[in-house]
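Two complexes follow with chain A in common, the first pairing it with chain B and the second with chain C.
This part shows the complex of A and B:
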């Protein structure tokens, strides 16, 4: 069906039914997408976006894991109120703080990274706190019976048991990081894939704009399927063990 | 969500108390940060900028423009997701084929489609509405499918046995059974639609909160910027809690 749509788009474009300045044509976009790969500026944009996501995601995950792990050992009432509060905070669109942070930090990587970290922090904290606290006591007893040291217990028992429980939070965090990074780059930035789309639009470089959009979508879909595949594998492991 | 509800039932004062505590802490933090940097307006000057914005009408008219675009996009997305989710839930073949497609679609940063919409619809309201609908369709459809899948089979049989036509079964059984999950979808859909509208406006439009935000940012008017940001937050939190109230009412 997707192929059919692309074919129809191409035919309509060639027949002149669609304005070339608005719609371009798949064959032209394909060529342009191929050309972009060899362009250093485009590679820089890709690099910049990946770095934004990577920095923000790692800070968010580190902070979330720390806070989540701390609260997973807290009494149920305290953990419950933290989780309830975080679930409510999740509704806040942090991205609206972007212009404010821009005025503070200027047009650097900082505003994007901080907001991405914040956006990632919440689902990671939630899943770590819930995941770690729902590891059954059997495992705890097992680690005692096996006379494991604290380090061994964490590495050999807690981590493997926690990964399948925590992974959905990481996954959600990653997709949010990707979406918000591209979104912020798109609004105001000096480089990055989102910026390239906006820039091409302003410069009427329609083919380039479509080509970058195609690359972004392809990247997002590939990453998403990869994460789905990993999640499926983890779930299988969790069932068999 | 259900977690916080059960908690507040057990210890009725704890939820609000913690909420107020956190709000006060956030306010103090805001005060502290605003006294450190000239770029962040203090709570006081933000408040007076909001009052000024309401008096002169620029803030209210911007909010009105954003909200009406959000509602239009939201309505469009609801209609599309209702049909789509029924199709995918009712037909297992279509469901199997298109659920991965739907999830891939959900993982895209939709905002990059905005320039295409701007070229097609122009910079008026319709491009914002289309953007809001594109973004909101995903959470709404996913939750509606989840809700429809959770409708007990016996209810459906019951509906058929009591001689309901296909349409009446859909209206009375499917919709009622899927309602709790649907409301979650509507809440997430509203939030994302509103955000999509504001971001689209920031990028380029003729009116709305995003336009006001971009203008304040461009003219380095920090109090005004802060006022628009706070207004945007308030509206999205308000919409969120209104739908959440309906959810809770339905739960009990």
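This part shows the complex of A and C:
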């Protein structure tokens, strides 16, 4: 079906039915996409976006895992209200703080990375906290009966048990990281994939714009598929006792 | 080798009280009894009578609030290396193979890979799971998982084996098969066993001694000796002595259940009730 749409697009474009400045054509886009890969500036944009996402994601995941693990050991009542608060705050479009952070930090990576970290932190914390606290009691009893040391219990039982439960949070976190990064790069940036799209748009370089969009989509699909696959492999071990 | 194959467990004046939102609950009160070394003792009793709590104390997962537990004459308050436990939910680690699960207690003790895998394979053969060593727990049935859990518990050559309704989640037929298998396996090891169950027939078929617990606060209402000769035949339920024991245990349980529900239960107490191992009406 997708191929059909692409084919129709190409035909309509050649026939002159579509305004070239708005729509371009798949064949031209394809060529441009290929050309871009060899262009140094494009590589820098890719690198910039990837670094923004990577830094933000790492900080968000690390902090989220730590805080989530701490929350999961809090008494149920406290944990409930903390998590509820986080879930409510999750709805805030943090990207809205970008201009504020720009004023504070200037046009560096900091504003983007900070917001990405925040936007990843929340779902990961929720995922870890809920996941860890739902690991059954039976594992606790097992680890005590088998005389596991604290370190052994964490490494051999809790960590492997928790990892598959954390993945939904990771996937969501990544999606949000990507959206936020591209979004902020649209708004104000000096490089990055989002910046490139906006710049192409303003310069009427239509094929370039679509080409970059295609690369962004491809990247997102690849990473998401990878995360899903890893999660699938981990989840197949989950048993309902 | 001078190390014992089986422990004698003695509970003296055991008491367990814990506090809940509704106030303090006395789960066990003044419980005294001896589990003879190398014997298979079953624990039956109405729901909530503290059977599982007693097992938690026996494994030192929980400390009694009064009284003590003595293993071979010495008081024990911490989990022991030579006690093993089998839970109702097998609690196998789903991300490991069956072989690695059974070898887990040995791994935790630092036993080398070769040695513990050999031992695990031997145990899997004993419980009849030798073809499943490389499978994951989720491809096994409930009964098979429990067999693996039993193999795991035996890997450390325990002198005391605690079993908390291990067959509770299985269907009737599987349970009957598991009982025969458990007896065969146990006879090879000879450790002391304390076995909690709801099923009277199961208790009789497996044990040398059945402890009937009273309603909460639990203590031992009666110790019934199962004088059926070993090995026990597969057609045990047709044995008249079995039926006598079953009736005796059933009426003991009924006394406790009736006392618990006095005034609230309206079922009729039929004296000529056919033997059913349906257990407690609660």
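Criterion: the second predicted complex is superposed on the first by the 239 of 241 C-alpha atoms of A that agree within 3 Å, B and C clash if a C-alpha of one lies under 4 Å from a C-alpha of the other, contacts with A are read in each partner's own complex, and residues count from 1 in each chain.
As a working rule, a contact is a pair of C-beta atoms (placed from the backbone, for glycine too) under 8 Å apart; a residue touches a chain by one contact, two chains touch by 3 or more.
Just so it is clear, the model here is predicted, and its values are computed rather than measured.
Peer 1: Does the chain A-based superposition show chain B and chain C clashing or fitting?
Peer 2: fit
Peer 1: Go through the superposed model and pick first if A:75 touches only chain B, second if only chain C, both, or neither.
Peer 2: neither
Peer 1: Let me test your reading of the model: by the given contact rule, A:179 touches which partner, first (chain B), second (chain C), both or neither?
Peer 2: Once the two structures are laid over each other on A, A:179 reaches chain B alone.
Peer 1: Based on the superposed arrangement, let me know which partner A:223 touches: chain B (first), chain C (second), both, or neither?
Peer 2: A:223 contacts chain B only, not chain C.
Peer 1: Of the two partner chains, chain B (first) and chain C (second), which one does A:141 touch, if any: first, second, both, or neither?
Peer 2: Once the two structures are laid over each other on A, A:141 reaches chain C alone.
Peer 1: Mind working out whether A:187 is in touch with chain B, chain C, both or neither, as first, second, both or neither?
Peer 2: After superposition on chain A, A:187 lies in contact with chain B alone.
Peer 1: Where does A:152 make contact in the superposed view: on chain B (first), on chain C (second), on both, or on neither?
Peer 2: second
Peer 1: Tell me which partner A:4 touches in the superposition: chain B (first), chain C (second), both or neither.
Peer 2: neither
Peer 1: Please name the chain, chain B or chain C, that touches the greater number of residues in chain A.
Peer 2: Counting contacted residues of chain A, the larger count belongs to B.
Peer 1: In the combined three-chain arrangement, what's the angle at chain A toward chain B and chain C (CA centres, steps of 10°)?
Peer 2: Rounded to the nearest ten degrees, it is 100.
Peer 1: Per the contact definition in the header, classify A:103: touching chain B only (first), chain C only (second), both, or neither.
Peer 2: A:103 sits against chain B, while chain C stays out of touch.
Peer 1: With both complexes placed on chain A, how many Å separate the closest C-alpha atoms of chain B and chain C?
Peer 2: Minimum over all C-alpha pairs of chain B and chain C: 14 Å.
Peer 1: Which parts of chain A are in contact with chain B and also with chain C?
Peer 2: Common to the two interfaces on chain A: nothing.
Peer 1: Which of the residues in chain B come into contact with chain A in the complex?
Peer 2: Within the complex, chain B contacts chain A at residues 1, 3-4, 7-8, 11, 14-15, 18-19, 22, 37, 39-40, 100, 103-104, 107-116, 118-120, 191, 194-195, 198-199, 202-203, 213-214, 216-217, 220, 222, 225-226, 229, 232-233, 236-237, 240.
Peer 1: Under the definition above, what is the set of chain A residues touching chain B in their complex?
Peer 2: 21-22, 77, 80-81, 83-85, 87-88, 91-93, 95-97, 99-100, 102-104, 175, 178-179, 181-183, 186-188, 194, 197-198, 200-201, 206, 209-210, 212-213, 216-217, 220-221, 223-225, 228
Peer 1: Name, in rising order, each residue of chain C that touches chain A in their complex.
Peer 2: Contact set of chain C toward chain A: 59, 61, 79, 81, 83-85, 87, 89-95, 104-105, 107-108, 136-138, 145.
Peer 1: What part of chain A is in contact with chain C in the complex they form?
Peer 2: 136, 138-139, 141-142, 144-148, 152, 156-157, 160-161, 234, 236-241
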